[in-house]
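Below is a structure I'd like to ask you about.
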Amino acid sequence: MTRNFAAWPIILLLTVLSLPLFVMYLFLLVDTFSNTAPGSLLPNEFTLEHWRFLIDPTITGDVWKPTLTTFLFASSMMVIVVSVSATAGYALSRLALPFRRFVLSGIMVMHAFPSVTLIIGVFLVLQFAGLYNSLTGVILVKASLMLPFGIWIMKGFYDAVPWEIEMAGVQDGASRFTVWRRIILPQVKPGLLSLALFAFIDGWSEYMLPRILAPSSDFEVLSMYLNTVSDPNSSTYNFNIFKSVGLFYTLPVLALFVLFQNRLMNIFGGGTKG
Amino acid sequence: MRTSSPYRANLLGLAFMTPAMVLLLGFFFLPVVLTSVFAFTNMSTATGISGGSYVVTGNLLRSLTDEGLDAKTIKALRQSSYIIDQAGLEKARTAGVDAKFITEIGERLKDRSFTSSSAFERELKTLPSRPTRVRDLKIAASAFEQSVLNVRYASRGEMEAALSHMLENPPQGAVEQIATASYTGWTWTTENFKNLVIAPDTWRIVGNTVFYVVLTLAFNVLVGLFLAITTFYLPSAGSGFFSILWLLPRITPVVLYAVMWKWFTWEDGFVFNIAQDLGLPAFNYMKGSVASAWTVVILVNGFVGASFGMILFSGALKAIPVQQLWASEVDGASRWQQIRYIILPHMRWPILFVTSYQTLSLLSSYEQIWLTTNGGPGSTTTVWALEAFKTALNNYTGNLQYGLGAAMALILVAVGLVLSIVYLRLFRFDEMMSKPKIEF
Amino acid sequence: MTVLPRFKSAILATALLASTATFAMAKDVTISVWAGGTGPTNDYRIEAIKMAADVVSRQAKIRGEDLTIKIESQAWTGWDDFKQAVTLAAESGKAPNIIVSGHEDIGPWSQSGLLRPIEDYVDFDAWPLNQLYPNLIDVSSYDGRIWGIPQDAEARPFFFSKSHLKAIGYSDADIEALPAKVESGEYTLYSMLDDAKKMQDAKVVEPGKGFMPRPNNGTDYWQFYQSFGGEMVDAESGKLVLDRQALTGMYQFFVDAVEKGVVPATYLGMTWDTWHQAVAGDKAGIWHGGTWHKAEWEAKWGLKDFFGQMQYSLIPAGNEKGRANTITHPLVYLLSTGGSDEDATLAAELITTASEPYINALHAVKSGHLAIGSAEATIPFYANDRWTTVATEGLLPKANAIPNNSDFGIVWKAMYKGLEASWTKTNSVADAVKAVETEVRNALGDKIVIR
Amino acid sequence: MQISINNFTKTFDGTPVIDDMNLTIRDGEMLALLGPSGCGKSTTLFTISGIHRMDRGQLMFGDRDVSGLPSQKRNVGVVFQNYALYPHMNVFENIAFPLTVRKDNKADIDREVRAIAALTHISELLERRPGQLSGGQQQRVALARALVRKPDVLLLDEPLANLDAKLRLEMRSEIRRIQLETGITAVLVTHDQVEAMSMCDRIAIMKKGEIVQIDTPADMYSNPRTSFVAGFLGNPPISFLSGIAMENSFSVAPIKLRVPLGVHEGIADGTQLKLGVRPEHFGPEGDIAVEGKIAFAETQGRENLYDVALADGSVLRSIQPAGRNWALGEPVRWFIDSKSAFVFSNDGQRL
């Protein structure tokens, strides 16, 4: 479909607009494997030295413990978000509930809420629950903050499943739970997968919450680790190492992203109507 | 013949909602309630969050003098003495002081009094069975102290009792006055909002916020639209490349993303070097001038947000019946005409949705600004959410003003709430709410 | 409102119970130390406590007790994160036993019940605390009680590039005489601006690098307030003071500096490394920093010959009302209310031991800080260091500190906001001063004297 | 099993859909609920199945009151309009599903499924997924799934609506065959009178939430109780003339048409009436002459279809065997078979 118009001006404009991103990500990659003379733009030697931090904890400190913590954080949060959204989204989409309208509009409002500004309140709740400065606490908070989004997305996917399938299940004598578990859940698998990916990526990248709610070095996640490495006041400060750590940090997310690009693009597949 | 209501709470539904409700109530609703409560307090680092205690300090006595409390009472409160009496010995015993030591104190120092702790402690050190640890000595000494000064009482009652004990015939209301003044915790106030209205800063930050939201939003929507449309027309290899590239900022951890921008715009950064080679003004663009700082802030956030628009718009584009596009091409429409008359009309709702959704998230976003310009240079790029965060939780001087910060957050909550309700109306929320069809 | 204290006490009780339980089980004690503003050059803030733990457990062993002390430490490079972490941790009863922070935190933290007065745990009449400089003890005191043990001290001097001074006509003798001229008030901040301008005109420094003040918020800016005659506390009433005239003079000074072109309007917010690079690399004309910066410059920024490259002095007076001055901003070891009394006692013992001159000198020399006590100043390791010695003798005695007052943070925040606003020209000087006045008056009422 | 619905009332969001309905479905019979969309036929079906709750009324399966029971406890088989097969299960699993949730043992399930598959002629499709089946095959699978647990009643919701014309014919007889073979009580919801007439023992015609008439297809056709029923049954449909009663005749004055009312004597002169004439009762033979012009002619092969426009503009429809073909615009003088014509009062009641 490119008959009535020449494509090149668009491509040119698109390229110009994308240039900053392209340059930033290209150099993120290039710099981790090379050295560049000061003041010059182009690298002049290939090296793996910036990746030595992976095996040598004296360079930037042990990177594997934060990696493990981050993984733990992101995956537990993902499990909570997906399972809670899968049930609540179904209830809101299909089951009779008191105040259903109110709850749904409430979730819609929270969905776009300045949640992080409520952090003092969140802190107090955690403190009451005895979960301040614990990984569990941050996981719960992060998962909760993501729930409105998750529930909303899942509700959209459930809404798209024909009622008749559900009715058929009920007619076949299955309880609502069995219907959900054996008939409806398989229909919204794409939604579950996209949400899981989104949640994982979001958890993997989270910075603020662990920093404020679990500042102890025991729970250091990669974002905090990276921030320490990137502190220009630290004596180990080296931009290329920082970029290597940054790339290392982003790799799992990039991999997921490349593998499941279409899924991510379809996160709104259940339809955010309007 | 039976009558029944068609809609009944479904037990499974309740069970399915419970985890979500618990989490949302706990980490959304409760924080909002707490924030609203805090907004009406003078809570800060100094007052603590969990409540205070009652303590009479030197500074307090000075300000009480200013308030006109009589000199005699002040003097009585200021005095601190150590009297070795039976009550003191008892107290020392319950405090766990070594029995032998107590006996020695009782024998050698009974009925003596000291006016300063150091004098008393020096005396204690001369006793043969004095404890080796300083702390034990101090504990022993404190048992004989006759003073309310610098003693923390957990409740008002205890403080008043202690005051009444210390003061002989205090003037009318003095005990209450002192007790009230001695409270270290937070108190209720509406000053936060008043101060926000008075402060000239407030309005500058409001201006910054509006500026930031409007421009970033415009960038998000326009670029998102542009990307969606161009990638729609490009061959799939090209469109795939560009959509991945533009999605990267969204999935890149914010810490890394911020520093990549630093590398790009910083002194000796990428743009800096190029500008220098070209003879253009080269400086730290992120912080070097107000205009360039704003540009960076808007680009940093805009590049993240554009992909959101792109995803939604692309989806909407794919939903346009292809026949319409073919038909228009057969009719000889140019690409621009096709966009203008066929594509854009289909984009009305997605654009409105992205606009409203992004307005809310931009209003409350500050992470990127915080990690890049940090509101600078000066406070020229400080937005409301960032200022609230800094006031409440993150400032150099360490005096975190939770109350004021909460008031600022509450205002943001209120604005968000109003906007959300407007949007819910706009998107005819009712239509999205079909009733459950299975009524059992 | 009634629920909160109950919760707090419940948490405290649990914390207490938990900590006594560990104490009773074995003589294995864990003492936690959190330090702010602590990078690689000043790691002895925490190391000293570890050394003290070693000493104390050896002492215990000799006494026949089996005591193992485990030190759990966490260091923050910045201050805002650190203070946030400490306050929040304290609120939830998880404060570390020992906190290393700026002395100005004593005010708010003692009021909120976050701190134990250290005077209840240590003996100031005994070694090594009896040799601490009395003015540092004063700095660690608030409201008549001593809350902390000074950990280090410093001064924040002005620095001049000797080569650039020469380029605009200074002789070696002139340079040698400069500190005295500053101290006497003959050489003012405005003379300094003129010199910076001359350096730029002479093309020995780039435009905008003639004068390079601290790139972000810090105690340093109160020095300029003092240069224009400002006082932070009313000596008589003990109340905070905001001196409008001094504030105006100070704001105006930076606006003038911008107008002269020796410092950019958007200067504030620059990163430290850019600053270090410029001043250590002799790219800047005149700047002010801290005594400890010398160590960093040598360790990280390639400074070879400090005394050959730089001249230092007090902060010059701004006008005839003001005086040449410098501010010391000691960090202090503080005891938190977290943990059991037993733990606090041990923590206090560790702090005391860490204040031993030999141990503290390690920190002082490594990080370029100044001694905290008279005995420490005589230790050869310290005394042989030329810089620490001259700074201790020439600068420290003239140094004063910012007040320990729970409300000082509010004034400080307002002062810096006003400075930013006038410096970047978002506000006129008069408006900025007015805004500061409004803000502190609203927040503090009659707890502050506005002159 | 006999199903009876007593005094059933249903309201959706304040809009009454069914008002005080009574209906009995005899054991083993196949009953059609026929009516235009929105008449409440699907609501009735879903109420029997246990998807909808009755606002008021009683539903009896035999002697059992099931009004308050959910679907799971009613033992009802339903075939949905879009078949509602489970897309992630193959045909076998789909059919077996009702039995697996009942936790039957594996061997039984296998036997039952294969038996029902044989009955519905889909034995060779068991391994396929629904997506790989044609519409007719999906229909059979849906039937098999509905029947496999031997329900008390089989409900069919527009089962043929999504099929093309040829398949529709085939499935019509197939469904009927299977229903007769199993002897199950069945309810068919449809808006297509042909389906209803061809498949069912009895038809209940519904309009605006009420059952207008319930009868066998033949009786219903030859003896409609209202003009609505008369209009709903028959293809091509019946045509109506408006007129008044005049001297025991139905009279349309402008065209001087008079049709004797016969048994319905004694209607006051001037009463507004409607005359319903089925196409097969209007043509070259009959007893009451009418003049008009051919306004529309359609050849259907064996028969031809004509619209005859009368002088006053009203139209009568006629169906004639092919042979003598009338041309468009040709003037004709045809006759109404007055004994087969239906006379309705103006509000539609048959007189």
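When the chains are written out, they are named A, B, C and D in that same order, and each has its own residue count from 1.
Just so it is clear, contacts are C-beta pairs under 8 Å (C-beta built on N, C-alpha and C of every residue); 3 or more make two chains touch, one makes a residue touch a chain.
Quick caveat, the model's predicted, so the values are computed rather than measured.
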item	value
Required steps from subunit A to subunit D (each step between touching chains, minimum)	1
Dominant chain pairing [most C-beta pairs in contact]	A-B
Farthest chain (mean CA position) relative to subunit A	D
Distance from the mean Cα position of subunit C to that of subunit B, given in whole angstrom	26
Separation of mean Cα positions, subunit D and subunit C [Å, integer]	92
Chain centre separation in whole Å, for subunit B relative to subunit A (CA means)	22
Cα-centroid distance, subunit A relative to subunit C, in whole angstrom	40
Sequence positions of subunit D contacting 2 or more other chains	50-51, 70-71
Residues of subunit B engaged with two or more neighbouring chains	49-50, 393, 437-440
Per-residue overlap in subunit C, given as positions that touch at least 2 other chains	7, 81, 84, 91
Chains touching one another, given as label pairs in label order	A-B, A-C, A-D, B-C, B-D
Residues of subunit A touching subunit D in the complex	162, 164-165, 167-175, 178, 182-183, 186-187
Contact footprint of subunit A on subunit D as seen in their complex	46, 49-51, 70-72, 75-78, 80-88, 97-98, 101-102, 145-146, 149
Subunit A residues touching subunit B - in the complex, by the definition given at the top	1-5, 7, 10-11, 13-14, 17-18, 20-25, 27-28, 38-41, 80, 83-85, 87-88, 90-92, 94-98, 100-101, 103-110, 112-122, 124-125, 127, 129, 140-141, 143-145, 147-148, 151, 159, 163, 166-167, 170, 175-177, 180, 201, 204-205, 207-208, 212, 222-223, 226-227, 230, 239, 242-243, 246, 249-250, 253-254, 257-258, 261, 264-269, 272-274
Residues of subunit B touching subunit A in the complex	7-10, 12-17, 19-21, 23-24, 26-28, 30-35, 38, 49-50, 223, 226-227, 230, 233-234, 238, 242-249, 251-256, 259-261, 263-264, 268, 270, 273-274, 299, 303, 311-312, 314-315, 325-326, 329, 332-336, 338, 349-350, 352-353, 356-357, 360-361, 363-364, 366-367, 385, 388-389, 392-393, 402, 405-406, 408-409, 412-413, 416-417, 420-421, 424, 427-429, 431-434, 436-440
Parts of subunit B lying in touch with subunit C, wherever the complex brings them together	44-53, 57-59, 62-63, 66, 118, 121-122, 133-135, 137-138, 142, 149-150, 152, 154, 184, 191, 194-195, 198-201, 204, 267, 284, 287-290, 293, 373-374, 376-380, 393-401
